[in-house]
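Two complexes come next, and they have one chain in common, chain A, joined by chain B in the first and chain C in the second.
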Partner chain A sequence: MNWRSIGVLVVKDISLFFRNRLFAVITMLGLVAFTVIYFLMPSSVDETFEIGLYAPLVPPALEVIQEEEEGLEIIMVESEDSLQKGVVDGEYLAGLVLPDDVMDVLLQREILQVKVYFASDTPEEIRDVVDIIITEMVFLQIGQPLDIEWNEEILGPDMAGSQIPQRDRIRPLLAVMIIMFETFGLAGLVSEEIQRRTAWALLVTPLTVRDLFTAKAIMGILLAFVQAVLFLVIVRGMGEQPLIIITSLFMGAVLLTGFGFIMASLGKDILSVTAWGLPVIIVLSIPAFGVLVPGAASDWIKVIPSYYLTDTIYRVSHFEASWSDVWGNLLILMGFNVAIFSVGILALRRKLQ
Partner chain B sequence: MVNYSIVAEDLTYWYGDLVAVDSISFQVAEGEILGFLGPNGAGKTTTFNILIGQLKPKGGKATVLGWDIAKDAQKVHREIGVCFEVTNLYEQMSARENLILFARLFGIRRFDADSLLERIGLGGRGKEKVEQYSKGMKQRLMMARCLVNQPRILFLDEPTSGLDPVSAEAIRAIILEERERGATVFLTTHDMMEADKLCDRVAFINQGKIVALDTPHDLKQSYGKRALKAEVAVGGVNEYREIPLDVEGTPEAVRDLFSHNRVVTIHSEEATLEDIFIKITGRGLEE
Partner chain C sequence: MKLRRIAVLLRKDLFQGPKNFLFVWAFLGPVAISLVVSLVFGTLFTHEPTLGIVDEGSSQLVALIEELPSINNREYTESSELREAVASGVVDVGLVIPSDFDSLVSQGEEVSVPVYVWGESLAQDRTVLAVAIANQIRELLGEEAPVEIEAVTLGNEMNIPWSDRLLPFIVLLAVVFGGFVLPATSLLDEKEKRTIDALTITPTSVGEVFWAKGALGLIISMVIGIVILILNQAIGTQPALLILLLFLGSIMAVAMGLLLGSVFKDVMSFFATVKALGIILYVPVILYMFPSLPQWIGKIFPTYYIVEPIVEVSQRGGGWPEIALNTSILILIDLLLIALIAVTLRGKRQYAV
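What follows is the complex of A and B.
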């Protein structure tokens, strides 16, 4: 391996990369834009249940519930119409209408007619919560304690009171997106080297094909890895285990460099590289979006190599996962790296010949 | 004893069913300029690419400076300079940066890019981006790039193709200077005038085979028509007379021409390399 020549080539590539206005703008804008997006996202989760109530007479039990139940806010509304509007507009999770004679009905233990309004997209869980609130109010008001024993069992991490804010949930997605965007830059640079036939000029110097690929790989990994690390440092996304995060990002950069080689071998210029690259990047982004919207993707997502990257970063930065928790992910990611990188090198070698 | 810089033995290469280079053999002596002449698709560039190590021969062997190019390409590359037919410079870099990049790849620590640029007629333009250069300037820079490591062999693929006469002449001058320095030159071209001016020997390649290999002079001697062609004025009208040179009675015919006619012009008639190529192969160089 001719490391001196490889170094010369890497310096040349970095210089050319930043001389290309398109690549330079994409790189700088990408880093700035992703950081801005992160800081614009909500940094906390609002866990207060706001329920609208229209009742000419409010039962004292309801006031007790509001005082005792943390996170529940009952907002009085002047008319049933404004209650309906508030529910539709999303001001309240639900709207309750109690009849004029609510106290008489409760005291005479007759059937209480309660009208509840939900928006069409209200989740089933919210409806259950509202049912519980009404039932509890009824029992409080008539003075009979509930003869129920609650046994709670928490499956998985207990997220009660510590839900992940949107900005932190999106963090792994943004880090992975930064790596992916740099793939276009690398692929464009390599395809240009082939299109302009400068690669052949390099290969009649003491530089070998292996040296050339090594230089391109170093360039691609450096660009993607350094930016992703920089981003996570800025947004404080390294968590308690920065070494695992750095290792994951490095492996992600290797994976995407392999994809960059494949894209460069398929495309003739930056436009065709982009055309080939977009579907690849979209597919690789799916696991990251899966993190953003839990439950949106099922087990098939595990066939996408980037899943193991996103999942590792997500678990380490949010749930303090350790090496023993993520070694399986990293092993699979390494397997994908070897496979994709080898295919990339072979495809590029074939193109050079 | 002659030292050969390049030795090709039964070189063969094919693309699918097409035999591009068909078992060719030749040698190029140290300090010699060998011209490889042939029309497009004759096998010139394939041979060129085998000799510079970018294609592995599918048959035969090529030795460059004593090394088998298929096995020791890296050693060969340290000692050669290659100028491709297609311009392949880093256009977003300046001429100086291009040259310095390649000097570093060759491991040259002290490299004077400016004097090399001066030598090829680009003095004072070294800091401009190559994308702003004309085709002739780019080709001169390509030539300069292949001189960066003071190569023992220059491989030049159509170095003057499509250039203006001034740029072409500048490049020819550099080729001759390099020969003076002691470099061997392997030159592919389909410009027979250029081959005639520059080359010590020329090889005609047609359909992957070498059909003739000799000095331009000897090829003309072997295949050309030796005759005198005279324009004479006869009764106010000019007529042409041809006198064969290698037959009995030539002196009498020449004397007779001058005694009985007013000679307007007279010159020896030689075949051009293109005439000879057509004679041998039945096709032209521009085909």
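What follows is the complex of A and C.
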């Protein structure tokens, strides 16, 4: 292996890459755009219903419901006017007005009149939910609790009150997307070398096919890996186990470089590489979207190699997964890497021959 | 003018198109932007809580829960299946209704009900499901709460969410990119490569080339426009009217693209002009994003007459009477642009007879 020549080739490729305006702009814009998207997304999860209440006396049942249900927050207000203003301003989902004699009415089992303010854009489902909460409060207050024992079992870590914000959920997806887009750059460069026949010119020199592939692989992995790491550092996505994340990103970069080789062997020029690359990238993005909408994807998603990359980063970032939790994922990813990389090199070698 | 020749040219453009980056981007750009907007502004993944049910007997509670508009429900046959669905986040809460549930609750005996809760489910979703289940059990028992709820709606104006405000921008982007940029660049590409001269040596006329490019833009912009409306759940109740509006809007975009394509000499000068003046196309949608700005300004710009009728039908539920005036103006603009193209074509050379 001629490491000096490989080094020269890598430097040449990097400078060529940034000389191609399309790829240079996409690279820079991509990194900036992904960072902007991250910071634009909500940084917290509001998982409670805030209901404003104006009442001279709060029925104890309402306090019981609020204590039992983490997702409900009753906020007392001083006047009906401020309650209305809060509803219109979107501070409260609904505004409840209880009459002065609320307790007397309930004690005597008379019909309680409750006024509820909603904003004009409150969906019908939310109005139904508020009605149900009021009804349940009345049942509890008049001493008619349900005689049911709920044997509750929480499956998975209980995230109530500490939900993962959308921006953090999307973080692994963005990092994986950055790696994927770099594939275009590598595939474009390789296809250009083939199209202009400079690859054959290089092989006339002491450089071997193995050296050529090594240089291209180093270049592809470097471009993708450095950017993904940079992105995760900027958005503070390294978590408690940065080494696992860095290892996963590196393996992801290797995987995508393998796909880059396959795309380069299929396409004739940059545009056809782009055309071939888009379906590949769309398929590889699916597991990342699965993280955003848990439960939306079924088990078939595990067939897609990028699942093991996304899942590892997601679990390490948000659930403090350690090496012992993700070694299986990394092993499978390694297997995919060997397979895809070998196919990519074989396809390219065939094209060069 | 021969339809067969136009069809041949169109087929060539459609099949060669996927090799062109702009062609691919005309499809993916608006869809990608639409997905990002949905993610950032949270319409795609807003959801109603989902309840999973295993009915070990034949409880009437299942039917009562199905009636609730505020929750989604799924039925499972086995408890283990339900447990798996909860653990993977397919449902937020899983309820196992024992075989003798209905008779036990109606006899006032204590019932033990296993409940699985997905750890990542939102607290508000858990609250909604808990009170909704309790409420339906009371309905099963025929219990009625002594309460009368008076709902008061505050505010007249509907709050326009950002996802809705951005919809016209995305629709216009789809129509403009497919209808305006593609035919123009395709025509300019033919000019730059001098293939248009080669074509006009054959019996193909310049007019037929224009028709083929126009048809290409029309098809692409309409398809993407429809996809964007479907993705944003804005197809409304009058899809035929929306398709007609997209058709008329696409004609405007195509005609403008062909006009510019005939005026400019190369793609670079076209893009430089579009970069500088393209904002004019988007003024109406920018105004739409900020309702506090004087909306009449938008009427000065031709694209207003594409966007306004589409928004009226898809978001405000309007029909033909509401859009008749603006659509008539859109048709007039279309006719004017077509006439301008006809005038431009008169001066074009035709070698073959």
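Descriptive notes on the structure:
Note that in this section the second predicted complex is superposed on the first by the 255 of 353 C-alpha atoms of A that agree within 3 Å, B and C clash if a C-alpha of one lies under 4 Å from a C-alpha of the other, contacts with A are read in each partner's own complex, and residues count from 1 in each chain.
The criterion applied here is as follows: contacts are C-beta pairs under 8 Å (C-beta built on N, C-alpha and C of every residue); 3 or more make two chains touch, one makes a residue touch a chain.
Given the structure is predicted, the values throughout are model-derived calculations rather than measurements.
When the two complexes are overlaid, the chain among chain B and chain C that reaches more residues of chain A is C. Shared-chain residue A:Ser342: touches no atom of chain B or chain C.
Looking at the shared chain after the overlay, A:Ser322 reaches neither chain B nor chain C.
Of the two partner chains placed by the overlay, only chain C lies in contact with A:Leu112; chain B stays clear of it. By the touch criterion defined above, A:Pro206 reaches chain B but does not reach chain C.
By the touch criterion defined above, A:Leu40 lies against chain C but remains apart from chain B after alignment on the C-alpha atoms of chain A.
Residue contacts after overlaying the shared chain place A:Ile134 against chain C, while chain B stays out of touching range.
In the three-chain superposition model, chain A touches chain B and chain C at no common residue. Interface residues of chain B facing chain A in the complex, by the touch rule stated above, are 52-54, 73-74, 77-78, 80, 82, 84, 86, 88-93, 101-102, 104-107, 145. On the side of chain A, the complex with chain B involves touching residues 4-5, 8-9, 12, 15-16, 19-20, 196-198, 200-208.
Chain A makes touch with chain C in their complex at residues 22, 37, 40-42, 45, 47-49, 65, 69-72, 84, 87-88, 90, 106, 109-122, 124-129, 131-136, 138-139, 142, 144, 146-161, 163-164, 166, 170, 270-272, 274-275, 278, 292-295. By the touch criterion given at the top, residues 18-21, 24, 28, 36, 39-40, 42, 45, 48, 68-70, 83, 85-91, 105, 108-128, 130-132, 134-135, 137-138, 143, 145-159 of chain C touch chain A in their complex.
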